[in-house]
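Both of the next two complexes hold chain A, though its partner changes from chain B to chain C.
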Partner chain A sequence: MDAILLQLLNGLDKGGAYALIALGLTLVFGTLGVVNFAHGALFMLGAFCAVTLRKLLTLEQVVLDTENLTAWGTPTEIRTPYVEAWFGDFGAVLVNYSVPLAILLAIPVMLAVGVAMERGLIKHFYRRPHAEQILVTFGLAIVLQEIIKHFFGANPIPQPMPENFSGAADIGVMLGMDPNVIVYPWWRLVYFAFSVIVIGAVFAFLQFTTFGMVVRAGMADRETVGLIGIDIDKRFTAMFGLAAVVAGVAGVMYTPLLPPDYHLGMDFLVLTFVVVVVGGMGSLPGAVAAGFLLGILQSFASMTEVKAIIPGIDQIIIYLVAVIILLVRPRGLMGRKGVMES
Partner chain B sequence: MNLQGIFSMSRKDLTTLVIFSIVVLALPIWLQPFGAAYPDLMQRFAIFGILAIGFNILFGLTGYLSFGHAAFLGVGSYTAVWTFKLFSMNPIPALFFAVIMSGLFAFIIGFVSLRRSGIYFSILTLAFAQMSYNLAYSVLTPITNGETGLQLESSDPRIIDSMFVGEQAGLPVSNFFGLEMSGIPGFYFCAIFLIIGFFITQRIFASPFGMMLRGIKSNQTRMNYTGFNTRPYTLTAFVISGMYAGLAGGLMAVTDPLAGAERMQWTASGEIVLMTILGGVGTLLGPIVGAWLIKYFENIFSSFNENVLHNLFGFLPDGVESVVVEITSMFVGEGWHLTLGLVFVLVVTFLPGGIMEGYRRITAMFTGGGGDGKKANADDKQTQPAE
Partner chain C sequence: MTERNDGPSRRRVLKGAAAGLVTAGIAPTIITSRAYGQEYRNKPSGDTVTLGFNVPQTGPYADEGADELRAYELAVEHLNGEGDGGMLNTMQPSNLKGNGILGKKVAYVTGDTQTKSDAARASAKRMIEKDGALMITGGSSSGVAVAVQGLCQEMGTIFMAGLTHSNDTTGKDKRRYGFRHFFNAYMSGAALGPVLADEYGTERRAYHLTADYNWGWTQEESMKNATEALGWETVNTVKTPVGAGDFSQYITPVLNSGADVLILNHYGRDMVNSLTQAVQFGLRDKQVNGKDFQIVVPLFSRLMAQGAGDNIKGILGSTNWNWSLQDAGSQAFVKSFGAKYGFPPSMAAHTCYVQALLYADACERAGTFYPPDVIRALEGHKFDGMGNGPTEYRAEDHQCFKDVLVVRGNENPTSQFDLLNVVQQVPRSQVEYDASIFGGELGPYEVSM
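For the complex of A and B:
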């Protein structure tokens, strides 16, 4: 029982990341009808927003202390980040919380990147076959990741989480069990909560605002909405921007869990596509549900007990599920009729 | 079909084949001025040419975009190295088993994946390729030797070789009845397979089977309504295409007896797609041109570094020079993939038919258009893939 609960929790943070990326991917697909292979790259760009902010915050000033000499007889160097020198303790807090703060940087950056991407390139591919959309966004993903590689190098760059969250939470105690039975890192819980909030916000935006209503109407019947006299294209562009922001902030918050490198996006992209297909192309709840489901399944498959029965299952479980789903339930778990059918 | 039927070709096809063979066999000569006439690179030219024409049989004719072709390449390589280890260093059995194994593998994957089309097919093939890759890295380590990659060892049994040759010192080299498969002989060995592969592709393109595949590409529903069961045709195309990839993988192992799982990664599949698109999907020569260009420029661009650039732009004033070098260095050396990605985006956007379409447009411009323009339009319609 404990073990099962622990694995359930283990799956949640990864599932959260899958769900967030899949949500954006589905949003783009449902609105613009574009299969975006560059969506993983947006996740990666978000992660590098966090890296950039931390780099900026930790720029150091060097003061030479001539009183204390090092063993070599040179003055000791005292390095303090500029922000700490300027703002004192508040600066230290800023550095400590660089990862969550990076969300503030990521939102405008990703919005700009998303809109630029849609207006600059993807706009021209609405009427082209899906194969060409896949190809051009695949090329774009390569370009984005190579640019990042040029500026940040090829090695993963670890990002520390805020110190207050670096420990582990004893969840067993909270649920009235013995201590030290279920111990779970705080940041993973934060990530899960964060993903739930973002997903909730996106759904609320679509469900309860006029803008969201128009977008949903456009997803259902683009032509009619256009005939009423609404400039649906503009709103769809905004949705692309929103999808980029969602992927970006998902990337920002994921950095303490997995040090980002330039091909982070590609790694996640393949999995997320599988998630989207399992959930059903074009279905937002499907994407979210499938994201968490596959995250949890993956964590169960990596239990030693399961691996003892079927060796290697943890490596392939997600793909295996996708293959089975596609064959027995071609529309995915919650796919709508008539979306992307041959 | 009798032998004569198989070998009777239209005059145009025959001319193309002859010219193509001459061009391929003369690679070591005409590549000299380009500084690319060394065996290692030319072997890659031939091998990736085979890979690209094989992929083109599937994507170019049927419009099914497979993102998992690297898996067959990997299977071919592993099988070939195992044949080397177990039986003989002669490349013929190795290639034979490589083609058979990858064909079987393609049959299984194709049988499942081809139930869906369009993007679902792409994702299914991608999923299978990733599964193979992950398994090759983890559970199948006894077969694939995991991260280290499968290599020859002096303790390998090599049943057939040990009967005839006996013990040798050091690691053996793959040899075709005594002719070592490295350097120029290795290139010619691959080149012959490239020419044979090209010939078979030509025959497929011109055959009723090829027409059927094109029919599937332009309108599968109509094909179904006409009473054709399209799946056996697409499956055959998939298996043939997988066998080409297996042959290419086998040849990689022949020229360098080593197989690693990274050959199966999906970025490797992406590279195959890049080659085919760049050259021209659905054309006979396009994929080979694409493969050669990518491999050639990869070789040239990767060798550039800051020093070379400083020499190159040395004539510019100092300030300007360092800026120019800074900018160009993004695109060469380590940044070669950036150039590749950019070129690819541009090609897909402006020239979906690849270099071959560009070539046709240019010739049409000089010959006054007219008839050629019409033909170009007809071909444009053909590039609609199956949805």
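For the complex of A and C:
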């Protein structure tokens, strides 16, 4: 029982990440009809917003200690972060909370990146075949990751979570079980809650605002919305920016779980495409549902008991489920009629 | 009708043809043998000799590859008599004079392995065929090392491997033209075992998470054998996909498995990620079977340890070399490298630097660049002053034997490079083994061009 609960928790937290990335991907596809292979790179760029902020906050004053020499004969360096020298304890708190604070940096940066990407490149490919869109966005993803590698190197860069969230929560005790039976990292629980909040906010934005209503109308019938005098293109550009922000903040909050490197986006790209296809191309609820479903299935498939019955199932489960669902429901779980069927 | 005796008879023609065919069949063998003037691929004809540095310049191990390249450039400087000479001053015995190799100035070309076997073979082939490289060296993966040394055997070009830790490189996949200075998975297990027994006792239950490829399998097998010999029980061995990113679904089953030690047979990004996540799951704060839960990382690298941040603190593992070693050779290398680049070298840099010098020294001792003679000079060669104490290139499998370092993640680092403390320099005799246990055939000295 405890093993099942643990895997369920694990699946939910994995699913949260998948759903967040797939949400942005579906948003872009549903509004602009673009298959964006650079979406994983946006997740990676968000993660590097966290890296950048921490680097800025930990910029150090370097004083050379000529009394002590390094093994190669140069003076050793005494390093003190400026922010701690200037602001004392408050500076230390800023450094400690650099990851959540990076959201404030990521929102404008990713919005600007998203809009620039859409206006500068992707809009020229709206009427081109999906294969060309895939090629150009995949190329863009490679360019972005090489830029990041040039400035930050190829090695992963660890991003510590705030100390208050660094331990593991004893979920078992909260559920009335013995201590240490079900423990789960605090930050993974935070990430799950964060993903639920962001997903809820995106849905609320689309459901309860006039802007969102117009966008939904445009997703359903772009031409008719244009005929009644609404400049849907501008709104869709904004939606691309929103998708970039969602991917970016998802990347920021993921950094303590996975030390980011330039390749981070590619790790998630294929997986989230499978999530989108399983959920149904262009379906936002489908993407979220499929994200959580595949996260949970992947987690359970990794259990020793399951692997004992079907060895290697953990490595193929996601693709196996995708094949089965596409055979049974060719449009995916909640796919709309007519999407990618012309 | 008279029979003519002055012209070729049918019998003579047949004899001649047979002799011709036999000669044609044998000729290539004769030409490639030592008897015929040592003609070989890329024989240096001018006043330079070209070496090929095949390192990952792109891909996940690009930073490690950059450090390897720095080490090679330093080695070339020292071989050509520039700089402070580094380990040329400490290597014993040494025939190197600082005037290149056999009086020829050392030049080099580089290739990008991308840490992919096919790309590594292609770049090695290009350097041999187009750039005239006489020797190939470098790399950061066992898959690459095995692939490239196979190619080098076919082409008759010596390969001095970079970072490769699988038992297979000098085991079932060993080649006459391939040489490994780096230690291997078996040696990690043999070195770590007694230290683990001292630190954690002999009644432990281990759970292995293992990268699902050649190196991971041999590392798991070696650690399993070493720990079971101590009396430890293996609870489970789980293979994880390479580059999984999030290992949490593999870590959660560990929590209530009854294991009190987690052995992470991962390297590179996989090690960084699995270790970070295992610590986040509170494994190091856990008590199981009345004992503190422990995590072991059999193969540590300082460059990779940087990626894991504070999570490596207190974690035991093994490493080929560390810049904090105090022997004269290590200090000379650290001084040269640090003065040139401003930071200490990694273990990958050390291995590559030493490999370049060892090849050059073997050419000097052989008195020729002719590969079979250089191979014979390297086989069974004993040397010192290159770090890790007296060392030998074993003739039977081309594996280097030297002391192995058991290290622990530094609890109180004094700099961003001060990440690993040497717990014990395990003597070479403790990690030696019979060359036949891993099988394989070295193959011939002479290969046709």
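Quick note on the criterion: the second predicted complex is superposed on the first by the 324 of 342 C-alpha atoms of A that agree within 3 Å, B and C clash if a C-alpha of one lies under 4 Å from a C-alpha of the other, contacts with A are read in each partner's own complex, and residues count from 1 in each chain.
In the analysis below, a contact is a pair of C-beta atoms (placed from the backbone, for glycine too) under 8 Å apart; a residue touches a chain by one contact, two chains touch by 3 or more.
No experiment lies behind these values; they were computed from the predicted model shown.
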Partner chain in contact with A:Q315 - chain B first, chain C second, else both or neither: both
A:F273 touches, of chain B and chain C: first, second, both or neither? first
First (chain B), second (chain C), both or neither touched by A:N96: neither
Which superposed partner A:S299 touches (first chain B, second chain C, both, neither): second
Which of chain B and chain C A:K149 touches, first, second, both or neither: both
Partner chain(s) touched by A:P158 [first = chain B, second = chain C, both, neither]: second
Most chain A residues touched (candidates chain B, chain C): C
Partner chain(s) touched by A:A71 [first = chain B, second = chain C, both, neither]: second
Chain B versus chain C as contact partner of A:L326, first or second or both or neither: first
Common ground on chain A, meaning residues reached by chain C in one complex and by chain B in the other: 149, 315
Interface residues, chain A side, partner chain C - complex: 2-3, 6-7, 9-11, 13-14, 17, 70-74, 76-77, 149, 153-158, 160, 166-168, 180-181, 183-185, 187-188, 256-259, 261, 263-264, 267-268, 298-299, 301-304, 307, 314-315
Residues on chain C engaged by chain A in the complex (per definition of touch): 59-63, 212, 236, 238, 241, 243, 245-246, 248-250, 252-253, 255-257, 269, 272-273, 276-277, 280-282, 285-287, 303-304, 306-311, 323-324, 331, 334-339, 342, 344, 414-415
Chain A partner contacts - residues on chain B that touch it in the complex: 63, 65, 112, 115-120, 122-124, 126-128, 130-131, 134-135, 137-140, 220, 266-267, 270, 273-274, 277, 330, 334-335, 337-338, 340-342, 344-345, 348-349, 352, 384-387
Residues of chain A defined as touching chain B within the complex: 35, 121, 124-125, 128-132, 134-136, 138-143, 146-147, 149-150, 266, 270, 273-274, 277, 281, 311-312, 315-316, 319-320, 322-323, 326-327, 330, 340, 342
